[in-house]
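Just so it is clear, A, B, C and D label the chains in written order, and each chain counts residues from 1 on its own.
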Amino acid sequence: MADRAYDLVVRGGTVATAAEVVEADIGILGGRIVALGRNLAAGREEVSAKGLVVTPGGLDPHCHLEELAQDGSVHEESFASGSAAALAGGTTSFICFLPQWKGHSLADSAPGYEARAQKSRCDYSFHQIITDPTPEVLEREIPALIARGVRSLKVFLTYDPLRLDDAQLIRVLAVARRHRAFVTIHAENYDAIGWRIDALLKAGLTDPLQHAWARPPVVEREATHRAIALAEMVDQPVQIFHVSCEEAAEEIARARARGVKVWGETCPQYLTLSHDDLQGPDFAGAKAVCSPALREKGENERVWRRILDGTLDIVSSDHCGFSFATAKRAPGSGGYGMGDANLRPDGTPAFNAIPNGVPGIETRLPVLFSEGVSKGRIDLPHFVRLSSANAAKLFGLEGRKGSLMPGADADLVLWDPDAERTIRNSELHHAIDYTPWEGFAVKGFPSVTIAAGRVAVQGGEVLAQPGAGRFLARGPYAMA
Amino acid sequence: MADRAYDLVVRGGTVATAAEVVEADIGILGGRIVALGRNLAAGREEVSAKGLVVTPGGLDPHCHLEELAQDGSVHEESFASGSAAALAGGTTSFICFLPQWKGHSLADSAPGYEARAQKSRCDYSFHQIITDPTPEVLEREIPALIARGVRSLKVFLTYDPLRLDDAQLIRVLAVARRHRAFVTIHAENYDAIGWRIDALLKAGLTDPLQHAWARPPVVEREATHRAIALAEMVDQPVQIFHVSCEEAAEEIARARARGVKVWGETCPQYLTLSHDDLQGPDFAGAKAVCSPALREKGENERVWRRILDGTLDIVSSDHCGFSFATAKRAPGSGGYGMGDANLRPDGTPAFNAIPNGVPGIETRLPVLFSEGVSKGRIDLPHFVRLSSANAAKLFGLEGRKGSLMPGADADLVLWDPDAERTIRNSELHHAIDYTPWEGFAVKGFPSVTIAAGRVAVQGGEVLAQPGAGRFLARGPYAMA
Amino acid sequence: MADRAYDLVVRGGTVATAAEVVEADIGILGGRIVALGRNLAAGREEVSAKGLVVTPGGLDPHCHLEELAQDGSVHEESFASGSAAALAGGTTSFICFLPQWKGHSLADSAPGYEARAQKSRCDYSFHQIITDPTPEVLEREIPALIARGVRSLKVFLTYDPLRLDDAQLIRVLAVARRHRAFVTIHAENYDAIGWRIDALLKAGLTDPLQHAWARPPVVEREATHRAIALAEMVDQPVQIFHVSCEEAAEEIARARARGVKVWGETCPQYLTLSHDDLQGPDFAGAKAVCSPALREKGENERVWRRILDGTLDIVSSDHCGFSFATAKRAPGSGGYGMGDANLRPDGTPAFNAIPNGVPGIETRLPVLFSEGVSKGRIDLPHFVRLSSANAAKLFGLEGRKGSLMPGADADLVLWDPDAERTIRNSELHHAIDYTPWEGFAVKGFPSVTIAAGRVAVQGGEVLAQPGAGRFLARGPYAMA
Amino acid sequence: MADRAYDLVVRGGTVATAAEVVEADIGILGGRIVALGRNLAAGREEVSAKGLVVTPGGLDPHCHLEELAQDGSVHEESFASGSAAALAGGTTSFICFLPQWKGHSLADSAPGYEARAQKSRCDYSFHQIITDPTPEVLEREIPALIARGVRSLKVFLTYDPLRLDDAQLIRVLAVARRHRAFVTIHAENYDAIGWRIDALLKAGLTDPLQHAWARPPVVEREATHRAIALAEMVDQPVQIFHVSCEEAAEEIARARARGVKVWGETCPQYLTLSHDDLQGPDFAGAKAVCSPALREKGENERVWRRILDGTLDIVSSDHCGFSFATAKRAPGSGGYGMGDANLRPDGTPAFNAIPNGVPGIETRLPVLFSEGVSKGRIDLPHFVRLSSANAAKLFGLEGRKGSLMPGADADLVLWDPDAERTIRNSELHHAIDYTPWEGFAVKGFPSVTIAAGRVAVQGGEVLAQPGAGRFLARGPYAMA
């Protein structure tokens, strides 16, 4: 008797899981991995992985695509373009956000958003943003969402149209606990930032760099500590999004040491960019405006150290692109704004009116592979954990994503570890007109991306079509 | 030629300063200490300190006397009674609070309060409570106050009628910095307490012990960290009032280690009382309801350790007495309340409607001397620092209070270090009908208290009269 | 075309690797795992793992078998008996010790020892103990050993016949660094223990419990810190053996935080036993005499916490058995002794003359599985890391041991996670006449052990024969 | 009746004690301070302190004067010259060392040394160095010494002729505990330094800078931790001498936090000098060779931070001068040596044969005042604590030295806080031909030094004569 034939065999690669690196073939059938072995039987199709490193496809658990703001504006990055970029960069699934508009129920907010998402070329899921935790939302809508597999809530402690106060946050945490949902948190102190913005504007300091001045590390430390303390009181597991600095990471590490269930995420921008990128002629600093803000140069290494010690265990993109042309032209930020939106004499917006966010869904993994694996900071299993496996556990996709074991979705990336590339926006697939990593040299690049058992990208060409992706109903979190 | 004669010589005592213990006579003239020496010339009056320990008179930098709430209620402890109690317990000066009523200017709040204070038998000063930091208050009233020598502001992060939100706190800190005032902070998270109160009441848990359940250490840790972070952002020195637990103390210690200018105070109740005192028949637990709440038994020693390592450098009374008869009868708390005030079937108030605060202005130093010095935890100079000298520095009375050096106000206490006493409310001088230390045994007790160069208490009899005290205009803080 | 047939298929189990838990069959060919998959083709032989958990076979990186002391004495546990016990307890390979006798070259020490080891029923390797680092040893013998695959050195900072002083330790570390060997360290301060032993004996305190008094946590903390500091100076990776307490673990954690390459191991005795076990009638405490000594009860949980935070990442047995009959009868400890060996009036040895060590090669994994996995402290992947995978990395067996991936040696354990057993020495396979876990209840027990692709234990019967094991030449360490 | 007249009144100064700064006159009678007051009666003599700061005279608890090595060599600095330098620099008493020669009893070592000390111009005391703790020394000589008021022992963990091993150290600690003596420790790891010296010499690296390479911070950290751990085991208070770096200071801070009775001292060289001073043409780096070695530049501020947080509470000179002419000419170090003494081709000694130590008894306080008080790092009371008061407590001179209170020895310094001076060896009073602070600018300088009630230095002229100093029999330590 024989094994049954495979649809596809990825043959002869160096296979990296979250724990090990081995030489093995990977047998795929019906969109899933069914065997890992030496000398597997032939597949109907074969892809050679000779000389390549095979990892699970990336899972980007934090990105913003096609978000609909209450003012009618829509993020420029569509599901079709964003998912193409994801696949080209080795990411085969992502979690983006269902908005809630203040004053609206979840059901009434951003109508049609889920239908738009079906255009994705790769698998996707949602975090539900909560901006208005009315009894209706807390008691009826959230439980219903969770039943549908949207098992994580996202809350903001800052931004005018999004922030929750402490009382609201506590109620969301308590509901999440009752229904075993996970909670992710954008942690910066709203009032402190507001006070600083006012002071800077009053002083006539309006350049993009002042965005960082308005949001110093201490405002991130404060909100991180507060979010953790309130979660500790309620005994609800949480993740702190986009940790940018040692100050916030230290609070996470201390809480973990005393047994609090808290995790931390960071992003490539906090590992590679700095205040330098917020400066430059022709308003160029606006391209690097994101929140939390970029820090001083040395901070990158301090954040790396918190990856190495395990405090930060996921690297997401926080892809949230606004084209530079858009940013330059008119104030407004698709919901991510603070304070009144002022224009400067030359028509560019003051720092507080520049839309917040950088595009990165495509560059996330090449930058992480290059800065991490190729530069010797982390080994391949650590890369797998940071890029997919830990997020899969935390967000209820364990066994399905972030894994190359039998039963997992056949999402794989074949990396050429020796490929040397320079990142150029002209070669990226996203809809944004720039990348903050323009000219950034990387070593190691995805050669082939396989999603759901099919070759989705090869030779730089995105083969997967809009609609190929599936909505991922997720299970409860498991602790990473 | 001879020194000029002294009004009073305290002769032959063991003199303890903030740094040293020596045998010396103390020469007093015109209400001030003018000499410290061996074999001083005779004074017009002499007090023998043979076998006694002479310390500077206590400075209690945190007590509530005769406060006028917006609802017309007045604290039972009057300036006359409270200052008698202070002197009897070895405290020769205190700082209490000028209220601000929400919706009122400072000038309009608690009219006549300063005039009432003139009834004090010993020297006094004020912190100004800020509950409503309007531009008028911030820009005009606070600077005027400071010019009058009221150089410290007190803010609350909890209590319904008193709390400031973060934006208000930041504005107060910024104004304090501009005018070099000090800021003291009651640090507990308002929303977390509110959520817990609701949950407990809903569950029908209404006993005095639940007061502690409603305010667990994590709510104190959180607010302490937040207050410090915002002060750090503004670069304004602050003191955290009444630290009750390691959780809050740890936040102060960590901030100090990174250079933040923050100090911590604790009180005898957090060194000696615990949950045990919140229980008992006939509503007796109500006698120990204060905020922050008493902690579990072992916490006392952890707080002591934070005194020993210097994190907590002042022991105040937070005297805030409400008679048990009052507390039992009717909800209400003279401004220190949270949530709706519910009566229970037997007519006693639910835990959240019990007035907050314990009386302690008279017992503060005997308890501290006994538990600290007599039990060998601290030496005499440390006692002096905790009981007066550090507060004198922090609150702008350096050289005048907390000192036995030439030039200091002649405020002294002659301690009998071997006196063994049992605290009985019947022997106390305050206006409150109980003490939480009823039956508490102490070793070491004030034998004579001298204030402004006159014997104010001798043989348990208070000789100083109402009106003997003077308002202390204070200078800027010096760092302890 | 079909996959080629398997010698053996382990079918239908819940497979736990160092990172994941999946349902999969395991295909074995030529003593190695060659496939992991769903519905693998039939093997020539099949073992059902339905309802069972399949883990990599245990790797016990620290055990003492049949050691030959310089005085001619031999450890009672033979390779044949010890390896039977290992297999019965789910351990399929181990690393024991090549002795060096002081005054002898490595070659001249313990002649015939390696030949004896060939009697092992499962795979084995050696650490080389260095007690006399002469230039000959350092410059010629160690490099030769390393070339043969003995890539780790073991040094003792205590025990009369074994200890190195700092100068010797530094030379060993430097040689290890030059040749990329790993160094493991028994860390206790020799002089401090000696001083304490003298004082206790002088005071007539000779019971087994005094063994613990003679070696308080501070002597372990001190030597741990010193070993780490010297390794840091030389930049040589080291592992601290058998960490028994928070004091030592804290030093490891601190050093790791500053980037020092140091790892920590602990043992089941430090997770479950305590001072209680050092007491009892009829000299029973002697059964629990090991070094470092057992600690006070609460310490077990502190050590667990250091497993959870990653500071301690290997749980070995430190199996070092001396029968109770032997221990009772005559002083002497096969080399693990301190001070003069005194008999007490009743003929039993004083605490310092009781042989050091407890038997545990068979109970290690059942105790760890039960206390760890079944009690919910750790998940299955963590169990795999602690019991085999981390040791495989650190000791140069990565990819071969501690893994279920294609290419790994086919060493597997099928655990019945629901089996409830009480440990009885009468049912164990080791040669020692007692176990310190007599009567200890465990949940989860090995049902089948497979070694090198063959069923080695089934139904409690050890099928593997003496001689079945192979010497494992090891590669350089990889960091866990 | 009148106060009796004073021998001397220091009038009108700003008087700084360990805790306070006040305006006061100081009345002196019979060599002691007898009064502190406003408008004291006239003295037979008067010194105006108008515009000056009056502090207690410095107590330098760590300096080497006229030490007799076993090879017959004698330190160049005599008691007469060293004490003149001390007084000129504001130090009015010091503690130097009674040597023990290995193989000799205390009585037989350095004969005549105590008699030589009588030439001191200011008060002095001794620490007894223990290099050979025989039973005779431990059981008879040390108790006898303590009875004579030599209540502190000094041990070295490094230097060939001086070091104790751990067993010896423990015995010394135990004896000290029994007789309530204090123990001070030179903490560096002997074997690690020896190994490094060999390696550097083998590599032909022999310059003065290599002295620092041979003794990196980790060797100081290690020995500090070890000394503390052994003291903790014995429960004996100790002081770590001359802490040069954060690594060692951190170990002290951690031990204090867990309640260990350990104190730390540092010296001006570790606050102001660095590797830079170990380099320079013409062998100039030899002038800065001391142990522990100078560190990299940034370390100065880290040591300052440990002064500010209280970990380091004494600043001594560790004056141990060897003239540059001597150092240049011939190897040898009066007992402070390591390894064989090699000459280099140009006749200068290799780094390990340069005598260890820098002269600093005269510059200690001006440098500390200037860098500390004048630069705003510390206030005047902190200066007093660091320069005299803390040492007085720790070394059993409380109430007598480091104090300006009645009863204290009349040792005072009148500082001109505005005096700006440049340190020039030509203006110093010591016997050494250089100072490492040549050209160092200071602000604040002693204007008048008074010792035992007499003007000892005025206008830079040393008036006190050899023999004016008295031996100080000391009491038991009090904790600082």
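As a convention for this text, a residue touches a chain if its C-beta (ideal position, glycine included) is under 8 Å from a C-beta of that chain, and two chains touch if they have at least 3 such contacts.
Since we're looking at a predicted model, the values are computed, not measured.
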Co-neighbours of chain B and chain A - touch as defined: none
Chains contacting each of chain B and chain D, listed by label: none
Inter-chain centre distance, chain B versus chain C - centres from mean C-alpha coordinates, in Å: 58
Chain C and chain D, separation of their C-alpha mean positions in angstrom: 50
Whole-Å separation of chain centres (CA-atom averages), chain A against chain C: 42
Residues of chain A whose C-beta touches two or more other chains: none
Chain D residues within the chain C interface of the complex: 165-167, 170-171, 174, 189-192, 194-196, 216, 218-219, 221-222, 225-226, 229-230, 232-233
Contact footprint of chain C on chain A as seen in their complex: 1-4, 15, 17-24, 27, 34-42, 256-257, 309-310, 381, 385, 389, 398-399, 403, 405-408
